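Chains: A, B, C and D, in written order; residue numbering restarts at 1 for each.
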Amino acid sequence: MSDRPLHIAVCGPHEATGQEVAWAEEIGRRLAEAGAVVVCGGYGGVMDAVARGAAAAGGTVIGILSGSDRRGSSDHLTAVLPTGMGEARNAIIVRSADSVIAVSGEYGTLSEMGLALKMGRPVVGLETWRLSKPGREGDPVVRAETPEDAVRLALELAEASGPDA
Amino acid sequence: MSDRPLHIAVCGPHEATGQEVAWAEEIGRRLAEAGAVVVCGGYGGVMDAVARGAAAAGGTVIGILSGSDRRGSSDHLTAVLPTGMGEARNAIIVRSADSVIAVSGEYGTLSEMGLALKMGRPVVGLETWRLSKPGREGDPVVRAETPEDAVRLALELAEASGPDA
Amino acid sequence: MSDRPLHIAVCGPHEATGQEVAWAEEIGRRLAEAGAVVVCGGYGGVMDAVARGAAAAGGTVIGILSGSDRRGSSDHLTAVLPTGMGEARNAIIVRSADSVIAVSGEYGTLSEMGLALKMGRPVVGLETWRLSKPGREGDPVVRAETPEDAVRLALELAEASGPDA
Amino acid sequence: MSDRPLHIAVCGPHEATGQEVAWAEEIGRRLAEAGAVVVCGGYGGVMDAVARGAAAAGGTVIGILSGSDRRGSSDHLTAVLPTGMGEARNAIIVRSADSVIAVSGEYGTLSEMGLALKMGRPVVGLETWRLSKPGREGDPVVRAETPEDAVRLALELAEASGPDA
């Protein structure tokens, strides 16, 4: 393992409530303060808030866009990467991350949770999807109660996992 | 809308129980008998069984592989397409489909359900993931009780949706 | 190597001359007569012509679309797979093939030639891009003079290469 | 157009000569000094050199990897993004850029040139592939004679083009 910074993805909806935005901004700030590179989907709502929080703390935050140009992307990104690949970009967001934090979220976030779990990336959830299956015990998502909690768990789990492990 | 055949994706785990295999084979057969093109992930378990069922009924079944060559793919595919894109190929499987049937499934199937719902593709589930979120009512997945039921629902929903709609 | 049919990709421009269309149709027909699965980009021009030729001979021809739905795709495809991934789908077209035939072509075809060569897929060219680099000898593309020649070379090269080799 | 920094992709081979490495390092440095975000493939050779040059000048440089983890990537990257998508990641590298500089290069670089031209991204070439086609006049690649020249041309062309234009 190198001394490379941890990369943490933060996923959540384009249309977010005031609480979700506040949570995401705090998560971005705390991740940046911990020296992590933040990866997100690069658009509005939770994505914009996490970018704003990370940028305000002087951190690096990368937006991986579904679209083929930069329209609609957050103003707070260190680098803005249009993939032109639509929802397949969700696979890149979570593949790039040592762990993933899901904040609330709609179907896009659900797909990122499934992709992350499939790739063996730990997923920390804050008020997000609950997943269960007939005949299966337990919850594959580590549940956090607060943004601070989510960041702490994501950093701990990332240390033991991810692309460098 | 053209007179093009409906394309239906069938998703499910690589390691499947005897019942899941039997269900998948029946689903493949019934879809082929209805004239649908079947799309799947192209490997073993549910994927192989749905291909075998479709092929036995003289149907067309396409395997969209995560790997960069054809190793490990089912012997029952009309065309075998290695994408070399890893789990991002899940986005292609569901993008190609007018509706999606999920049979049981692990995290890969969960990601396909999330991606399909995000893209507006109807999802029919047979003994698969249950999805819920705090503050959200209802289940976005249409539940089937039998393979016959799953195929009927998938074809009905596909008529009103999908890439041609 | 299994008894699976060879998969041959045919690449070429959306806007094609009469001669290019005639060539592509003959290539599609000859590939289908040889029992190969034909893979193409699924839209107009050379793509539509190769699909028409293959379909007229009773063959299987798969269209892998850049778009996120089936609009604008050829009517002659056995299966129509919208990827929603833009030009990244060019990587899938050539990854799926045991060898690639390039007929004339613009920048999209050029990218497919580069991707195929990078992946080790043999490329047969018919009146297509000429590639040279300072300090480098030879032409990585096998040149054909006629459609018949192109099909013969592509099948021979595919036997010794491709995803199953 | 926002006040967002220009994003410039630099493409070139994994195995590079001493001159190519020196060129790439100078290009990275000059791009960083001009305030551009540098995007590259993230591995060795030209990719590592451009990252080293950009990092030494305090710039931001993003590595978009073909692999599914960070193994083999340059130590000089601000963010390291494994895509797990193989060569399809070449489409993302050039899609993310306002213009592209190709330094020498093998087939991967050739594919990036084709993809960039197809997407309408200007391509500046330094001792790289020459492209010609029967019946077609002119060279779609803007030729540079020196690294300084390449950077100047890439920045000029990016101003008038790219994802923000």
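Operating definition for what follows: a contact is a pair of C-beta atoms (placed from the backbone, for glycine too) under 8 Å apart; a residue touches a chain by one contact, two chains touch by 3 or more.
None of these values were measured; they are calculated from a predicted model.
Relative to chain B, the chain whose mean Cα position lies farthest away is D.
Counting every residue number used by either copy at the chain A-chain D contact, over half are found in both chains.
Averaging C-alpha coordinates per chain places the centre of chain A 28 Å away from that of chain B. For the pair chain A and chain C, the distance between mean C-alpha positions equals 39 Å. Among the residues of chain C, those touching two or more other chains are numbered 68, 83-88, 91-92, 95, 119. Across the complex, chain B is touched by residues 2, 4, 7, 37, 39, 60, 62, 64, 68-70, 75, 78-85, 91-92, 95-96, 119, 163-164 of chain C.
Of all residues in chain A, those touching chain C in their complex are 68, 83-88.
The residues of chain A lying in touch with chain B in their complex are 85-88, 90-92, 95, 104-115, 117-119, 127-134, 140.
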